[in-house]
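Naming follows writing order (A, B, C and D), and every chain is counted from residue 1.
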């Protein structure tokens, strides 16, 4: 396997080039250069597909990785050696991620060319989309946390711009600001963690960090009282929380739907939000070493369940999808926490596929119906058959119905969670993790099918002519062209072929050799279990004193010493070596349980929204509904209390102090002091000499007679007195 | 004997010229009838004579020190340089008096007469080598100054200024004289050289008495250079006197007094350690107080004339620091400062005089927006103010720098900090004036009239050294470095 | 080749004289002369960069002419890596400011003459290797600033001008005392006024006594110098002149002030305070770090509360210079390099911000985000002024340290520098980053998003001239964000030498 | 036979009285007289010292000069006082408080 700059760089660079060209000449190009963007992403898809092929259809080598380094800049002088390296690190995980990202991105670009047609922001949209994709690809490629952080932030910037792309809308501004700042909270901690690692190790290369963990370099070090590993792991995970919108930093993601739907599909569903999961997977050994996996698991569980509950009451189709995204991200993070490394990553991939598809379908609905309030939709399946088909597949997948990808990945997470919560002998309180997990699974099935039913089934409500209320939730499509008739959907390369392609990948067997996703009931044989085989938690001891490969034309062949595939069943690092038997049974139980729960959820939705035999519970629990509709009042709390009252109050106070008090008195005060001195001199003349002197004449008579006569007698003579007195004092002080 | 005396006289030409000039001016004053034609001639004559005097002085610069008239007078480069400064100052002020309307209108050359007289006294003081000549110098200086300060016969303020000056001067002179008398008694002579010879042997009561008498004696010089607390007459007299006179007072008596002070300090307070200590202490205290009082009081002034008066007090305070160290660098710094100070003060008063002639007052308001009324004047005035404040690249900075250098060499950081803070205070009021001149909005775009090209030429001519000495000050430093006085 | 520094230094003065010589009514001629002068200076400084030898930390292009023999004062010029960057920055910014001041109408001649004098004096500060010369230029620089702020400034200009003047003078007079003390401490030798000759901790063991108390020579005069430079930077608590000066100053002057003049303070630390008093510097680095931290946080907080855009940016530069101080206090390779890089980057990014605000001010004649009466000052600008918005976004994200733009690398290096020395401070300082993003983005949101404010209806977008002078800065910000090596290679030798020196104490 | 001490004491008394006169009397002429007293104290000192201590003529000469100077000073002083009287029609010293801060 020969890898040169030429074969890897294009993955990252071709979108960048597209970005540059579109940024400068976009307006002059035909169709404002959207084809260029799409093409560039496709190019990087080709290149990453090649790598993917090498890694997957090459030999099953879990431990194979490419690591190339070049010096970005160099501060060395004399004895001080300080280089800052950049490089690429591709292992199986990266290869899979690359092909997923570029593939999904290609389809989304393709779809966008249709969706954004005749949109005023068409051009700008296709400036930021390729930049964003390239950043994501760069993040996946990058071999160290520092460059990861760089791409991480660039993605933040892109999402900021895409969310706020409809700049006429005040809400768009709010949403973009919120998104950037909320993620920024995590980012600064991530930066802090990176800095801490860097200063201690002298590098933030994954391989160096793994090696350091293996050599136990971190042991015994502490920062601000807590163990170094915990500190850095926590910082990095906080970063992940920001990016992956985990509780309590989840507030930004729902608002991020202000952007155009394909943008949301790419950023807030498929790729960017998974960056957080990505970094926590990359740093998994550190998390384990820092012993914060329980924290991760809990956070994930809370997010998974909480988001699901909110999704239940949403009426905006995009909002439902947004919260389902949150909830699914929760599952991924939970998976990382409970140590089901492989499944968590698999869920990243599967989720990316079906969630992208879901968003695109939503986009296609909105674009053709100009309506995104579910109560105003319904019965669309005869108008939008392809969309309906794709969306149904994805819904089945996300709901965790067997034979679909969601089932495969999510249920393995749940199984591990079950094991982690009840059998791994952890703190009993951690039982909350699987409980919330399963509950969330049920809710997921419920609200997803609720969405399907309300949108595609029942009678069509789109021709009710009051489009008035709820316009706030629309994106730009909502505004123009109300009351169009829904044109019947045809098979269109740009509209629904992407959906269909994506929906193909919602089938489970692409990802694992078994129908159930469990270890039993293999039908396709071990060869197709590529995913389980390829992806495993990095075994850090392999990286001790690894060679440093300069980025050179010729590739050094690590291929020479490859260990061959060996099926790792145990899931990475979940505490002490897990008991095979218990784990196995846990998975079985989990699978069965979640199947039951999923079907229960679907059935409930069916009863409520198709048969209507059960009234929706919203009416039953108004209070709860209100709480949920207000997203547990998190946004209000953050904005009203923390920011407006707390932070701004503090700032106003400080600013007032700075100019009003400090500057006025402490600084300008000096001038005042001088003036006072001068005044006092004057006062001495006028008051002491004249007033006291003159007025005092009658008062004191005998003893001070002389003195007073002296003082009262006019100015010049007072000068004399001063002269004599000072002279006397001089003479007095003569000491020889 | 006689030809020896004449030999001496050959060194004494400048003073003689001054005396001759004074008398001839008196004659001319009484002889010439028609003022307006004659005035220019008379002034021109006076200036020409002074220029001649300057020429002879420059001749004397190179000479080694000479003691003439039985050691009554020293002619050494130090005194000569001081005299040069004084003569230049006198010339400047005389020209100013010529153009100024502040002095009563039908003046022909009284000012010149008096000024030259004071100058003579100053020269005497600068090169006095025994107590008698010193005393005579002070009195010559004073008595004529009294007259000058009350030049505006018809104005009560001027007369009052003169009165105060007389009384205060009389008292200080008397006190000083009383001190001198005791010095004479204890040290047995009025010749500096013989007096110094006695000093090392002194101890006990005599030493204390000597110190006390020196302090008394110091009053006489102190009030001439108007240091705290003997400065009190200064603002009143400066305010009361006509502007040319004020300018004159701000330069000549101060220079002369400083010269005498330097000479006395060097002669008497290098030999005896005890005396040295207490004298240096006295000087430190006095300079600190003088600076602070001068600058702080200057802040609140609204009359520019008073402002300059107080600021001159501040400057003297700074100059005295040059004496503290009792070394050649100190003297060099003082001399350099004196030269620069003379030019700066002349310009400042020149412009102030002209403006107050035009507007009838010298408050800040007449300076408001001067830049729009008369750019050249405004820019030069601002530059001079910054120079007075000690900003580079103007010579005021170099002067300040030298003083700082001297005191810091002696590691007197405390007084250095005091001086530093004082220069900030000084900057404050100078910049306030500069602000009024340049940033202030002129009320009405009336151009300043009647500022003849001649006047502009004079101002610019005076300004050139202010700027030039700030950048290429090596030569002048060398001159004043060579001019440090030789004891014995 | 050695003469080139002379040329760069004196060309603006020649230009100023030419400006004053041009006849009265010909404003455009004046502008043209200034433009030509500044562009020649810029070209010369680029030539300087190309000829610069990055391998050595020694002074280059040295010019040394005796000036005052008695005091061994020389006219001694030379540049090393740090001043190379500053020189380039200075030349660039003045070139840009000339273009941006094209619209100045109030007595043009004086304005441009003063501007050129200012440039020359700033060059002088960076070039001079002789203490006396340094001090002279340091002070001379105040005069044009005083008049530029005082005459062409806003409504409260005189107060601001005097405040700026007195503040700086107060600091520098103590610096003068320090300089003279050094002169005598080094024995009035041949090069006792040469800055370089004093470096290397020669005065570790000396003591001085003031009013009877004994101090360590190093510490006392380190703090004297500190006062002089810290006021210039400005470090909390000496920062309050900055908001006044910035708000009142005309656009070009604020650009220079923020872009170059603030850097003179930190440059003073790098060239004088640290190398000459290394022990005192090392021992008091904790205090400096804390002061820097306070400036970062305090500046950011104050900035967030501002309703005046320019004041906001002014406070933001207090915050950013705080980062520089943090980097300096670290005294490690990455920290120091980061600090110097931050000096340059802050120069470009803040210059962009001030220029943009100036451009907006020319259209709106006010700078209120929220007017005192509570109504919106702007709003929907991004719809109205697309080009302007793009440039604004670049400048804004550069100054809030977005990776890929210049601000990030320097800030990251600074963090890397200080972490190992002051962990706690680092942890607190990241809050500064957070708030730094917050106030800028909030300001952006309030000004650029939403419906178009009727007041802003008649604004026209940036014209060719404005785009032309914003372009170089945009290029700097982007290119040096991706390839910082051109800057780092130039300065690393000089910085490294300093770090080695500090490491000895 | 009088001793040096007695001369010195007398001159001291003269000096102090002169001071007292200067600072306490309101009449300007009287103040001028005070100055004369002080000068005379000094002159007396000179003569006494030259007679008892130094045995040279310096003191005598000095005192002669003092007398001359005193006369000149008095002349100028009185001239100014007359001017003052012509303007203010009084020679009360408190009238001279026009000039002040």
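The rule we apply is simple: a contact is a pair of C-beta atoms (placed from the backbone, for glycine too) under 8 Å apart; a residue touches a chain by one contact, two chains touch by 3 or more.
All values reported here derive from a predicted model rather than from experimental measurement.
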Mutual neighbours - chains that touch subunit A and subunit C alike: B
B-C or B-D - the one linked by more C-beta pairs in contact: B-D
Chain nearest the overall C-alpha centroid of the shown protein atoms: C
Maximum centroid distance from subunit C, chain identifier (CA atoms): D
Gap in Å, rounded to a whole number, between the CA centres of subunit D and subunit B: 26
CA centroid of subunit B to CA centroid of subunit C, Å: 44
Euclidean distance of C-alpha centroids - subunit A vs subunit D, Å: 96
Centre distance in Å when subunit A and subunit B are each reduced to the mean of their C-alpha atoms: 78
Where subunit C touches two or more other chains at once, by residue number: none
Multi-partner residues of subunit D (each touching 2 or more other chains): 19, 22, 31, 96, 100-101
For subunit B, residues contacting two or more additional chains: 163-164, 167, 171, 175, 297, 300, 428
Pairs of chains satisfying the touch condition: A-B, A-C, A-D, B-C, B-D
Complex contacts: residues of subunit D adjacent to subunit A: 19, 22-24, 26, 31, 93-94, 96-97, 100-101
Subunit C partner contacts - residues on subunit B that touch it in the complex: 386, 391-393, 397, 401, 404-405, 408-409, 411, 413-414, 416-417, 420, 423-424, 427-428, 431-432, 435, 438-439, 473-474, 477-478, 481
Touch list for subunit A against partner subunit D, complex: 681-682, 685-686, 706, 709-710, 713-717, 720-721, 724
Subunit B partner contacts - residues on subunit A that touch it in the complex: 671, 674-675, 677-679, 681-682, 715-716, 719-720, 722-723, 726-727, 730-731, 734-736
Subunit C contact footprint on subunit A (complex, rising order): 72-80, 82, 146, 149-154, 157, 161, 164, 167-170, 172-174, 176-177, 180-181, 184-185, 188-189, 191-192, 195-196, 198-199, 223-224, 647-648, 650-652, 654-656, 658-659, 662-663, 666-668
